[in-house]
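Please find the structures below.
Across the two complexes that follow, subunit A remains constant while its partner is subunit B and subsequently subunit C.
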Partner chain A sequence: MAYKPQYYPGATSVAANRRKHMSGDVEKLREISDDDLVMILGHRPPGSDYRSTHPPLAEMGEPECSIRQTVEPTPGAKAGDRVRYVQFVDSMYNGTSVPYFRSYNAAIKFRGVDPGTLSGRQVVEARERDMEEVAKFQIETEMFDPALSSLRGATVHGHSLRLQEDGVMFDMLDRARLESDGIVKMHKDQVGRPIDKKVELGKPMSPKEAAKRTTIYRVDNVAYRSDKEVLEWVHRVFDQRTKYGFKPE
Partner chain B sequence: MAADKKMFAKHLEIKFTKEHGANKMEGGKITDMVGKYYRLGVEQNPRKLEMKKAGQELAKKRGLVGYNPMMHCGGIPLGQRALTPSFISGTDMMVEIDDLHYVNNAAMQQMWDDIRRTVIVGIDLAHETLEKRLGIEVTPETINFYLETLNHALPGGAVVQEHMVETHPALVDDCYCKIFTGDDELADEIDKQFLIDINKEFPAEQAEQLKAAIGKTTWQAAHIPTVVSRVTDGAQTSRWMAMQVGMSFISAYSMCAGEAAVADLSYAAKHAGVISMGEMLPARRARGPNEPGGISFGHLADIVQTSRIDPEDPAHVALEVVGAGCMLYDQIWLGSYMSGGVGFTQYATAAYTNNILDDNLYYDVDYINDKYNGAAKKGTDNKVKATLQVVKDIATESTLYGLENYEKYPTALEDHFGGSQRATVLSAAAGAATAIATGNGNAGLSGWYLCMYLHKEAHGRLGFFGFDLQDQCGATNVLSYQSDEGLPVELRGPNYPNYAMNVGHQGGYAAIASAAHAGRGDAYAVNPLIKVCFADSLLPFDFTAPRKEFGRGALREFMPAGERSLIIPAK
Partner chain C sequence: MSDTSSDTTKHLQLEIVPQRLLRPETAQALLNEILDLDGVVRLFVHGPRLPGTVPYGPAKGIPLVHDSRRLIEIEGKTVELMVSVGSIRLEVTDANVKEQVHEICEKILPFPFEFREGNFMLRRQTVSGYARFGPDQDPLMVGITDPKGKLKDQVCFIKDE
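== the complex of A and B ==
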């Protein structure tokens, strides 16, 4: 019988959405061009070559090594790309993703990634072209809402602040704005440097849509208390970790 | 608990719906999910304006630039959202948050000074040496005379030498030594100016516990000058005390300064019964005794004195220890000794401002008393047995309640805008509540870790890098069969494995240690000598009310010790 990952417990929509993020089976909602992505990431000018930290692996005369033969290098590693980052911030007001589930998505679906999970932000470091693949995937799918998610290299506390009056997550550096045409546009890159043209991220989800797609429990949407199976599972993890320390067998 | 009964409601309303300075925060409700962002910068806040002006004057005076708020984010200053004041929990003291950095707060500095410059030294071995080795009679009168001599010598007065330099009394006026004993008969004979009177300072029930623990032994509670401690370090405290003790014995008992017997006395009087507030740290952290990283959570629980003035309210005891611990361990130890800068302060203050933690813990107390027949009241017969089931029940309810507050009150969430802040507050509530109910510190610790797991799953985030380093592995260590990992919380400290990194934890752990014992009505958590030593109103810092003292410091009402005004030009 083929193994089918269960990913996550829970009977609520939040739990179901978490399973989707972990499995990578998420809905594509928008497109971002490669040049636009490169521009908001801010690591290199659009259209320029990737900078490298070493020659392509094929030119390096690598030693005989069973691990090297077993593990296919990622495209970025193969080319010798430097390691760069993408960092997401998700509002606690029904942002569609949350830091841990961005990390799980990156670690499960992609290779050669190094996710870091904090409270306000979630960073993925990888060889540059590999990182871009993760960033593109997460921006183009339901893991991203132009109003409640954001690319922010620094000053990330907006995640827990009240929303702006236009429903957009507050950003100290004002990197993205909801403009009069109803489209959220970035006019700074992820660390807040002005960019040459505005990059469209798309229309914000309606509050109802965000509440449907979110992966955060909230008492005014899907209450954590109501997901008995998740609580039971956390208790089980706690029990087992405690008992194992006492009697590791 | 209805909205109007939330302990944080009044403070959050003033903080978030009333104008402060020129921040335009008038109007709205603390439950609003949407706010106005005026991006007013530092001009909106009185303290920031004062600091900006001082920075400009500094640059002009020295010809070298200094503080300039426009250096923030390449020209986008702090204050893109409203800069709001905070209230010190348990008080109505409204303070600027800048004034809760210890550099800006004389009370915080003094709290640490008063701990670092304290050493407890036994006197019985010295007396035995005097009597048995030297044939000198020791009586209450000679002890009083010795103490008078020591209180001249300890600040830096000469007693034996001739033509010696001395320290100016006005610069070392906070230095002194008192004595305490479990022997009521001896205590009666000691000059009251030198005595920490256990019967007077503690409730009768606690006094009996302390005297039983201390027995007939007698101890000196010594505080060297703040200025000495600041110029040197915590490890200096016992050395300074030792030198002056030795000289005082020689002088008070008319001893020969050179005979071999004095070497016996020296060891007995100076080193044989020394209790430091903190243990020496290993080389990788390289600090001597009496530095914050070596102060166990149990010691800090004993240093804080709330338990003797409000013994019927274990939650209050724990909350004061949280405040003291977050300031000492997070702001000073991790925030400066181990790291640097200002970030730790922002995180630590969450635990002792705006009554958010207080609200959570007192909710828990009500929950426990309702469900477990008054188990959160002071006592030993009313405790609930510390089982994993009880830990899960109390810690889960505490965590869900706290999480829901953040969800129902966006201003509370905004006040604790970092996950580390929320994790501290939620876990401190869960841990302290469990400890109060069970009278068991490690059960409280267990509640702390379960809270971390629950919080992480609820919001899909936790603290700095998920607090993976210490919290995700923490439950495994609570009851570990390995002795160093499974240490009782009272004996753990900032240098316990895995506890050395993350902000917002150590004050909470200290609170758990204190909560377990306050819940039982114990007079002390781990060391009766330390508890008595700090039961002393002559200390500049009032250890019965650390949070209020921090407020006084922030309001610039606190008078510290160790000032140098006497020897510097008047401004």
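== the complex of A and C ==
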């Protein structure tokens, strides 16, 4: 029988969503064009070439190395792209993804990425075109909710603040707004520089839908302690780690 | 240190914490209704700051027009809202006014809110407040401003008397 990874224990909807995020088997909910993505990332003008830090690997004449022969470079590394980042913030009010699960998703599903996990935000650094692939995937799928998730390169707070009256996560730089047509549109890039046109991120999820798709345990939705299997495994990991750490010679 | 306590009459201090950050329109309606009451001594709004320029990052210094940073009309005076209103703390004269404030919140806020009585503003000067403002500070101003802040940026006198 072929090996099937068991990503995360648990029988609740939150555990199932965590498995989905880790495996990358997530539902696609929206489309974002390449130009729109480049615009909101703000690293280069839309339509321009990728800037590079070194010539393409094929022209560089790499040294004889068995590892280099075994591992196929990512498209970004092959072309010599710069390393650039995308940073996400998810609200603790049933935001779609907790930072760890964005990192797991990036690290398991994509190559050549350097995910950074922080308490309220998550950053992925990679060669520019590889990073754009990760960003596009995470924005277009159920890992992103236009109201409760946000691209924020700087001034990231909002994750732990109460939501605004319209249900959108607070953003001091006001990068995305819920417009009167019910669609969230970004009118600034991820660091707060105004962009030439509004980029549509789509309709926000309803509170019920967000509660269904979230990977966050909350007592007012799915309580962590209600997931017995998760608790059992967390206890087991902590128990064994402690016993291993205590290793009298 | 002289006695600059503002609560010689033992005013009640209240805090209103809505479940959501208020839109300027809702904040304006709520503040106007509360300030129409007779027994409100002083009040301040609290919430995440809305700066006029991007404070840091690659876009530092770019003018920032936040949808929630607007001019609102409070009792006929125009006030610039520099925070997204997250909570309101106020001092009222008695329990009767407290009940009226609670009724106003129930009427205006479209979502649940926390409403509690406690100590939310300084009732007497601190040492740093004394060092900054001296012994003759208006008791109403105690604890309303940051000792290092500028008074005109933080306090609005609604009623002149």
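As a working rule, the second predicted complex is superposed on the first by the 247 of 249 C-alpha atoms of A that agree within 3 Å, B and C clash if a C-alpha of one lies under 4 Å from a C-alpha of the other, contacts with A are read in each partner's own complex, and residues count from 1 in each chain.
Simple rule for what comes next: a residue touches a chain if its C-beta (ideal position, glycine included) is under 8 Å from a C-beta of that chain, and two chains touch if they have at least 3 such contacts.
Bear in mind the structure is a predicted one, so any value in this text is a computation, not a measurement.
Superimposing the complexes on subunit A yields a three-chain arrangement in which subunit B and subunit C clash. Looking at the shared chain after the overlay, A:D220 reaches subunit B, while subunit C stays out of its contact range.
In the superposed model, A:F101 lies in contact with subunit B only, and not with subunit C.
Counted by residues of subunit A touched, the larger count belongs to B, out of subunit B and subunit C.
Of the two partner chains placed around the shared chain by superposition, subunit B and subunit C are both touched by A:E165.
Looking at the shared chain after the overlay, A:Y7 reaches neither subunit B nor subunit C.
When the two complexes are overlaid on their common chain A, residue A:V234 makes contact with subunit B while staying clear of subunit C. Once the two complexes are laid over each other on the shared chain, residue contacts for A:G120 go to subunit B alone; subunit C is not touched.
In the superposed pair of complexes, A:G153 makes contact with subunit C only, with no contact to subunit B. Of the two partner chains, subunit C is the only one that A:R177 touches; subunit B does not reach it. In the overlay built on the shared chain, the residue A:Y50 is in contact with neither subunit B nor subunit C. On subunit A, the surface patch touched by subunit B in one complex and by subunit C in the other comprises residues 154-155, 157, 161-165, 167, 170, 172-174, 192.
Residue ranges on subunit B touching subunit A, taken from their complex, read 32-37, 39, 73-74, 76, 80-81, 388, 392, 396, 400, 403-404, 407-408, 410-411, 413-414, 416-420, 422-423, 446, 449-450, 453-454, 456-466, 468, 473, 475-481, 485-486. By the touch criterion given at the top, residues 42, 153-155, 157, 161-167, 170, 172-174, 177, 188, 191-194 of subunit A touch subunit C in their complex. In the complex of the two chains, the subunit C residues touching subunit A come out as 18-23, 26, 48-51, 54-59, 62, 64-68, 84, 86, 110-111. Subunit A meets subunit B in the complex at residues 18, 92-93, 97-101, 116-120, 154-155, 157, 159-165, 167, 170, 172-174, 192, 215-220, 223-225, 230-231, 234-235, 237-239, 241-242, 244-248.
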